[in-house]
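Structures given as structure tokens follow.
The same chain A turns up in both complexes below, where it pairs with chain B and then with chain C.
Presenting the complex of A and B:
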């Protein structure tokens, strides 16, 4: 009788292991190519690790390419977008969760509707709107566009977190002498930290990897974000895989750091609602 | 401390009326219990007093001052929620001092008041814990503590004990009563449990379907229920009811289903031949006797409760219950003589009103 649970546990662990290997293999390959010197890249055939690893691609990318600029731009754009969207989404998500007001149904429908169109359809109109405002080829313009696209989903995400917090809590606070806003700030917001972390993470990664609008709205290296920058390693005649992968590895760092930072809240956040506070 | 006046209050959600014309004056220092079945509008009324629900019509006055438009924070009342509603991210001490901190009370005073309340409720060893590390009973105490540190004009309780087990509920019930004796604060207590209502209240307000049925002292409601609803709701095991017809004359009697005649010592205040309901509490059924007043009832079931015995009996087709402390009835079977003393009978007319 004791054998069966042990076997099941083993099978479970193996399944997870297989999944992790599957999910992480592309990242491993990224790293492998990044440390393979150019002369070995095509000569060694397919092997798991090059016979001689070097950091020459990283060195080149950091010192001789425009990569640090892309990186900085991406950081600015993604960070600002994440912060702005999260603030807006907390406020609107709270309103949707707690208040009854006229037109709420239509507002929600409209927000859902915006999520239904493929973004490609919107490139030309957006360009047309931003261009006279001088917001093309500008990081501000990108932040505005990303914010607009992410607010609806982030609002729904935040709303579901607010829905998970019992109304009694803010009512108790209001009876204790708080205004609705003070109750929101001192009672509800601290309890929504997991939700805020999840929203920040979601929006940050979405903005970090966005290519389409960045490509269309930005020209030239000065304002390019990192996904666009990666394309500059593709020239007319060849692709510099080593440098491209090195840049890719470096680009992973902030996303990893970010998730490491919010991971504690994220786990709580994704399981919120499963347990009652 | 303050009086609370509820004048012709109505409440509707959209087109659905929830409270109809509730009129109630609560005196300074009084302990009033709102009792009624689930969904009858008790919480709604309490939340309107707290300012958490808007008032559809009528007026609420606290200490003589109209508060209909006042925000909860400006009404100076404290409330204990059924869910306790403790702030999960604050320690017990922080939970209890939150209202004082919002009012910018000096630190030394906050400490003094919180320590005092904690001592009163036996919370001293728990002050640094978070609510999640507390048992149900301890959470309940913290919720009480949060209310009493403020010395508000009135306390509102919304079924504060319904999440506790029976033993703890009994204990907390007594503590709430003691606390009220100590503080003498105006209190409105909502419950669906008639025992809680009976044991705690100075006055009980019995409600059903958004309408106040009767207001009075616990024994008033027990001895002289105003209608069938109150008669059936207050008391456990509940009052027995027999539908039937009244016949006056020289030997007044009440004829119930199946042609059984219940003889009466004295005429009842009912017109001849009136359809009515007769009620008698199980503990008032006399399980003995001989002579013309005695009926023979069939024993259907014997339920020992330890404290006493509940006998399930029937007269013709009409079932009823009797309560006795006499253990010789544990073995009762077949038929036994019963008597309904006329002065213990309640009569209700066709509309269910007491006559």
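Presenting the complex of A and C:
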């Protein structure tokens, strides 16, 4: 009778290990090829770790390619999007959490609908609208588009954080003569700091990953974001696997950092934007 | 508007300016977000619908004329479009079902407390944070016999007759993006289901085991009924999301070989991005939107029907 629970525990740990291996293996392989020197890449084929590791690909990518520019562009776009979205979503999330007003139902419905319909539909019309405004091939254009796409989800996320803060706090402040906006800014916002950080992280990750609109709206190397740069690199130099994967590892770094930051809020975030990825 | 909820203070009416300010407050808070959504999403949506009935080609300055239903007539003859419809069903069905199955098992595994659970959880959820374009490239490389191990392993196991790239095999190519999608999407299901699992009152399980219910019985009569609403909602929403999710396909196969992995969403993108035929792309998009609306409507009706049955 004692053997069975022990076996079950073993099976449980093995299953967990199998999942971890499946989750990490592709990323491990990315890193492995990135540190494999070119002369060993083909001769050592599918060995799990090269007999000699080197950082030459990283060195090349950082010094002799346009990837630092792509990286910087992506940082600018994702960072600005995250900041602007978080400001707008704090305001609208607060309104949804604290006020009852006419049209609220329609606003929520509109925001939910934007999470449901295929964004790929908007690729052509958005290009047509932004082009005469000089906002194609521009980072500003991307920030505007990404901000709009992420505001609804971030609003629901911020609303869930505001809902967790008791109303008495700002009511007390308002009895003391503060306006609601002052109470919001000076009392409620500081209490929501973890929520603000989580929203920043979610939006940053989403903007960092966006592919279709950056492909459509950006054409030159100057303004290319990381996905655009990496894909054009892949189609042009598809033989240099080491360099591509080194670039891939670099693209992974910010995503992983933000993942660590928002890990604790994953459940809240995913339920707020249940339809988003 | 605030005064209606506080009937205790009717005597002192605040000055007019303050009342106006209070009444407009919620609109001021929501206006920036609303304006942005309307201009960047709603206006292009309407414009896109109009393109479906016009001849809009980016490189042709004389295009733009109203052409009625011509695009839809062309669409009804378009073999590639019908293939992409079938592919969409296949892509969505396989991805959602497998993501859900693996996600559910993972959530059940993580529901039991054990040493190192926090770390294990962080590691298995990591793929969720990997940008989709990188997930696509990463798996494309894994399937590539030059640098990836998968073809060699499949060959060693006797599943493949030679280490070839399944992404260039018309019969198998769709499995490439599907596998990548499963890898990428398991965390989403696992996280949502885990949250639902942890909301189940623990004493229910204790009571059931005192009554002599085995582990499997407890799963069937406690866990599943409690999870059912979450499962239903996540699967339904995820179906819509995945049928629109073209990133992995565009990165890994670009719809090829011979359109075998083209789904409707990637077909729309290809029409707009490669052929710059915005009119036709919008017509296809309109059909996709109609299909998704029909699907959502079906769900709403199904829900009503289920609710009325209880």
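Everything that follows uses one rule, which is that the second predicted complex is superposed on the first by the 226 of 277 C-alpha atoms of A that agree within 3 Å, B and C clash if a C-alpha of one lies under 4 Å from a C-alpha of the other, contacts with A are read in each partner's own complex, and residues count from 1 in each chain.
Criterion: a contact is a pair of C-beta atoms (placed from the backbone, for glycine too) under 8 Å apart; a residue touches a chain by one contact, two chains touch by 3 or more.
Everything quoted here is computed from the prediction, not taken from an experiment.
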Which superposed partner A:117 touches (first chain B, second chain C, both, neither): second
Partner chain(s) touched by A:171 [first = chain B, second = chain C, both, neither]: first
Dominant toucher of chain A (residue count), chain B or chain C: C
Chain B versus chain C as contact partner of A:29, first or second or both or neither: second
Contacts of A:182 with chain B and chain C, given as first, second, both or neither: first
Chain B versus chain C as contact partner of A:191, first or second or both or neither: first
Partner chain in contact with A:245 - chain B first, chain C second, else both or neither: second
Chain A residues contacted in one complex by chain B, in the other by chain C: 277
Touch list for chain B against partner chain A, complex: 50-52, 71-73, 77-79, 81, 83, 85, 87-89, 98-99, 102-103, 132, 146, 150
Interfacial residue positions of chain C with respect to chain A in the complex: 1, 5, 25-27, 29-30, 32-34, 36-37, 39-45, 47-48, 51, 56, 58, 105-106, 109-110, 112, 114, 120, 122-135, 137-139, 141-142, 146-149, 152-153, 183, 185-188, 191-192, 194-195, 233-234, 237-238, 240-241, 244-247, 250-251, 265, 268-269, 272-273, 278, 281-282, 285-286, 288-289, 292, 296
In the complex, chain A residues that touch chain B: 166, 168-169, 171-179, 182, 187, 190-191, 277
Chain C partner contacts - residues on chain A that touch it in the complex: 12-13, 15-16, 19-20, 22-24, 26-27, 29-30, 33, 41-42, 45-46, 88-89, 91-92, 94-96, 99-101, 103-104, 107, 110-111, 114, 116-129, 144-145, 147-149, 151-152, 155, 180-181, 205, 208-209, 211-212, 215-216, 226-227, 230-231, 234, 241, 244-245, 248, 251-252, 255-256, 258-260, 263, 266-267, 270-271, 274-277
